[in-house]
Amino acid sequence: MLIITRISRFVSNFQNLVALFAGACIIISLIGILSLPLAFEEHQLYPKTLDPASSLYPYDRGGVPFGTTEVVAQYPENSPYVGYVTTYLTPLSQYLADHTHYLGTTIVAHPGGIIDEILYNTRGLDTVVETSILFTAFAIASYLYRREEE
Amino acid sequence: MIPAYPLGLLVAFASAGIAFFALMRETDGLHRLLLTDLIEVVTLAFIALVGTDLAEALILPGLVVGASELIALSEIYRIKEGYTRPPADSLQIEVMESAPAILAAILVVYGIVLSGFSGGAVAGLGVIFYFLCRDHNERFELIETASGYSWVLWIIAFFVFMIFPEYWFFAVMLAGSAILVKVMAKMSLIGTMRGGPNA
Amino acid sequence: MIEYLVFAAAFGLLLLGLHRKVIARIQMRPGPPVWQEILHALKFSFKSTWVPKTASATLYIGVVLVGIGIWSAALFVVLAGESILILFAIYMLHKVVEHGFGLSSGSPYGKFGGVRSVISAASEIPLFVTISAIYLFTGSLLLRDIIAYQGVHGPLLLIVPPVAIAMYIVILSKMPYGPFSIVESKELVSGYKTEHFGVWRAGISVIDGLKTFVLLYAFVAIFIGAVPFWAALVIMTGILVTLSFVCAVTPMLSPFDSVTIQGLITGLMLAYVGYLWWVMP
Amino acid sequence: MIAGLEVAFGLIALAGAVSAALIRDSYGKLISLGILVAGVLPFIVDRGYLDVAVTVSLIAPIATIFVLMVARREES
Amino acid sequence: MIALYVVAAIAVFAAIRAIIEKNTGRKLPYANVLNFAVAGALVLLLDHPLSLVAAAAYFVGSTLESNAIASTYAGGVKR
Amino acid sequence: MLGEILHILAAAIISWILFVTVDIFFKLPETGGVSGASAIARDIEAGGGALAGGTMMGNIVCSPDASAGTLLAACGVYVAGIPGGLAAALMVFIGNRICHDPGYAGTTGAVLATFVVYAFTLVGFAATDFIAGMVIAILTIQGLSHTHASRLLARLWRVRQ
Amino acid sequence: MNTTFILGLVILAIGVLSVAFVRPKTYVARLINLEIPAWGLLLVMLAYDEALAILTFVAVTAIGTFVIVRLLEWRDASC
Amino acid sequence: MPDIGGIDLFVLEFGDILHYYTPYTTTLFLLALIFTALAIVSRPEGQIDIAFGGDAYYAKETTLPEMRFRRFMAIACGLATMGAMGSGDLFNFTLFASLVGITNVGIVAAVKNRHVLNAAYEYGIVAMVATLPLFGGAALILATTGTLSIPALAAGGFAVPFVGKALLVLGVIGEGMAPFYAAKAEMFRAPGAPYVIMCSLSSLLIFLRVVEIAITI
């Protein structure tokens, strides 16, 4: 009975909460290490193909601009325009792609490109949720901050 | 030859274990906050190890989640500990007069070119750096409103994607620029949340 | 439909009355009559009713309706042989209803009841171990599949007795006057129910009746299998009497101790399920 | 990149990381961090991500300046 | 290629010197040599106009960093 | 192989002379441009060096000066000929502004170095030689012995005065 | 499985250790040490060619540093 | 897919991310909806506290801006919970779980009581740290199976590592289930019942959901 009381005293103090959770995570990490090696599945969604010669390197996924591109999506039937954004280049990025070789990242970060395709089209809901998290966090911070100001 | 993924996982799991061990031993609130930042890094390592385009698209939300929770928690910590007096002066060295304007200009322009999340973060950093060294008495609400509207724009863009996919071009442009404005505004707000007149 | 509800609520209240009676007899008291709880429910229905000034009115009323709603749903889930996951989800969400009762009134006693109900959140965890153990055997969580499985292989009570014990403890933690019923212990007046009176209290009685009936009936269905309805009622009464014995002879634990004990039980159950998982082909 | 160079810059990065971890003085830590960055950048450039390299090398000092804002108070 | 090896060797040397030096003020010149070496190496690694920009950005950035560290170390400007 | 090493050494000497001349001409050893430069000078003096030389070294650390100009100009010439060198000069100029440097030593040095390096590429030197040479040159000033380097610079500074 | 990847993992591990067992145990030391695993992770991302992620990660890390610095500043001002 | 939540009632498609509702998740979704509606329409109660050692009692007032802010957070929490209930994608689910964590902190962060803020901060640290098991678990499952879609994983043919599931469950438990409830219990001392119960409801619901996920995949 004594040990139970001691455990419950430890658990009831919320200052120990983080330590408790950290302990649980350590155990899981150990299980993780013990369960190695885990094999890496080779058939992944949205695999990479690298073409160092391309001016879009490392984001050149081929395809025809304003046409279709092969994108390994989970449910291609749900995104009828899958692959359209992947090949799209705005005039600016087209200019960069034509004249330089090492700006692939900038070109792809500019609207269009595979990452925008994933972030905005096939997995757009992730982005919605994630911006909501940002929004909520800022709502909390700015509410607290401005309440102090008054 | 050991394959890369299990090796990476081994390091990631070990790092997670070490980080959690430190967290378990730590009692000070602010040190705990710093350690959570460390744990964010380990989290991203897990995602980065996947190594596909999808992983990259997942790192971005992961990053934003970590940063935003850090912001909210730091503010709660400040209120909880009752640190209410704004900091008196910032760093007073020569480069603080010369560097911010140029660097911020470069970063903001580059951020606008990038657009999207990455652009927002880069441009936001530039704006923070600028505000850090200048007197800032711009309107807090104004930036907030701008960011709110851009959020709405982005949501609209998302639904355009889902419901009228034939207007995808319009949607991708809208989404890219709205996210840019939104993230930039949010990030620059941190720069202004340092006390001072109407900050 | 409605007659099932009325019957279940009335029978559940009758069981609760029996519960009080058995406890009283064990403790050498005469105890209230068996139908006392039913009378209570009827009595409260006709008493004057309003909402306290400090209360959050909508929540104060709404949560009663939600409580009745979820347990009615639970009853039909059990009767229709749907997924027991839904049943247990409702069981867990009963917790939220308790919070709603406790916190909505603004009374300190109610609030403490509500806070304790958060503390006792550990009592739900053995449930999920139960679920996973059952799933290991039956490969399905639909109640009708489980009953069908037992029709072939015999009652689960005999196949996996520890799991049945875990479920028994889960039911025990929801019984009044038991070792785990910290949310309505007497130092908090009536715990989360303190500030609900009149029709609202009658509503709570209905919830309690339905809850008791559904949990016991689910126990019979999950661990004993298909039996005639009257036989099920008899078995339920029998289980209730054993529960009353346990409640009568054990002291009430302090809030955190009760949680720790439930946590330890969960740990044991996890080990057991892990063992089962290991030895199963 | 040629193996010898990889080793050289890897050593720089590693030395920077280890010394940043071990040095106790804030300024020393920051300088070691600069050494770490110096070791990392050639790897980025070697892979051909010049835009990334430019951004990283501009952002790294900004982060250092942020840290300096508190390091100064610590020392005084 | 020899140029690249020379630069890399100097970089390693400078990094080690900077690390083993104790005094902050005297560390910085060594770090400065490292910056020179790495900026040179960046261009030598990749012969492209943009790598000039990268080298310049790196050099300016790290100089700014050294400047900020040194100035803060000196106690900042007295106003 | 050997020829290239000799070229690099020659380039090192040429760029050494070039940047030290320009820096001393622009009075870098006189005062620290920023407080950090003065602090480095103090530390070097405390380590047995000369103050004027230390100040110049501090200024080299804290802002892109003629040495940086030479290096970047050499890089510029390497990647794009004369226009590259001039672009490098522009970047050094921006760098000077970022680092709160009031002078124009870096820009001047870069423009001068562009033409010097270009001229030497016409006589058989490679621009890469100058990059490596410049790194060696800066090593002799900043990286071998602060004491001796600062005394040498101080002596040169007295000549200028 | 190349140098970048291994180097990244090693630096990540060093960094995690240095943050977890930081000496001296001050906020600033921990804050600076936090950058080490970040650079290790950057190298890991680089090994998988996740350039855009690197770009964002660097910027967000700097912002995160700023958030904590700001908190420390408030703390210094109030204590 | 194993029939543990019943058959799919309907499926909502957002590109690669499906939202699907079984009778089980529909039940949970409806409950979240009901309590969100309650949080929208009801006003906070005037909590009465006793000053111990005397007969005095005092009422805690909730100011209007505070109430608005907390109501906003409660609604956000409800929406996040509803999203997590239907989500058919592991990573999306973890994002919703993180959103639930941060809104839970937000619901109590507006309270000025130091004790409650302390609890909220501790809870916030755990919620933030829980992103490692959550995202780590999702990433691990993605790497070892090559997909994130729950229906696809549930259809079988994938060897989902046990660690991945354990990480996911642990992450959700960290968002406020037993035995990590201590901070939550303290958070409940804050006034404002309709909003505070959203904290408990949301963590219960996402826990119920993750149990279903862990069993199905």
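In this document, chain identifiers A, B, C, D, E, F, G and H correspond to the written order of the chains, with residue numbering beginning at 1 in each.
We take it that a residue touches a chain if its C-beta (ideal position, glycine included) is under 8 Å from a C-beta of that chain, and two chains touch if they have at least 3 such contacts.
From a predicted model like this one, the values you see are computed outputs, not experimental measurements.
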item: Shared interface partners, meaning chains that touch subunit C and subunit G; value: A
item: Separation of subunit H from subunit E in steps, with touching chains one step apart; value: 2
item: Furthest chain, CA centroid comparison against subunit E; value: C
item: More contacts between chains, A-H or A-B; value: A-B
item: Whole-Å gap between the CA centroids of subunit C and subunit E; value: 70
item: Chain centre separation (subunit A, subunit D; CA means) in Å; value: 26
item: Centroid spacing, where centroids are CA-atom means, of subunit B and subunit G in whole angstrom; value: 14
item: Subunit E and subunit F: spacing of chain centres that average the CA atoms, whole Å; value: 13
item: For subunit C, residues contacting two or more additional chains; value: 119, 259, 263
item: Subunit A residues counted as touching two or more neighbouring chains; value: 11-12, 15, 18, 22, 25, 32, 38-40, 44-45, 48, 58, 79, 101-106, 109, 115, 121, 123-126, 129-130, 133, 136-137, 140, 144
item: Multi-chain contact residues (two or more partners), subunit E; value: 4, 24, 28, 31, 46, 48, 50-51, 53, 57, 64, 66-69, 71-73, 75-77
item: Listing of all chain pairs that touch each other, if any do; value: A-B, A-C, A-D, A-E, A-G, A-H, B-D, B-E, B-F, B-G, B-H, C-H, D-E, D-G, E-F
item: Complex contact set, residues of subunit A against subunit D; value: 52, 57-58, 101-106
item: Contact footprint of subunit E on subunit F as seen in their complex; value: 1, 4-5, 8, 34-40, 42-44, 46-47, 57-58, 60-64, 67-68, 71-72, 75-76, 78-80, 84, 87-88, 91-92, 94-95, 98-100, 126, 128-129, 131-132, 134-136, 138-139, 142-143, 146
item: Touch list for subunit H against partner subunit C, complex; value: 2-6, 23-24, 27-28, 31, 34-35, 38, 41-50, 57, 59, 177-179, 181-182, 184-185, 188-189, 191, 193-194, 196-197, 200-201, 204-205, 207-208, 211-212, 215
item: Complex contacts: residues of subunit A adjacent to subunit C; value: 4-5, 7-9, 11-12
item: Residue ranges of subunit D touching subunit A (in the complex, touch as defined); value: 48-52
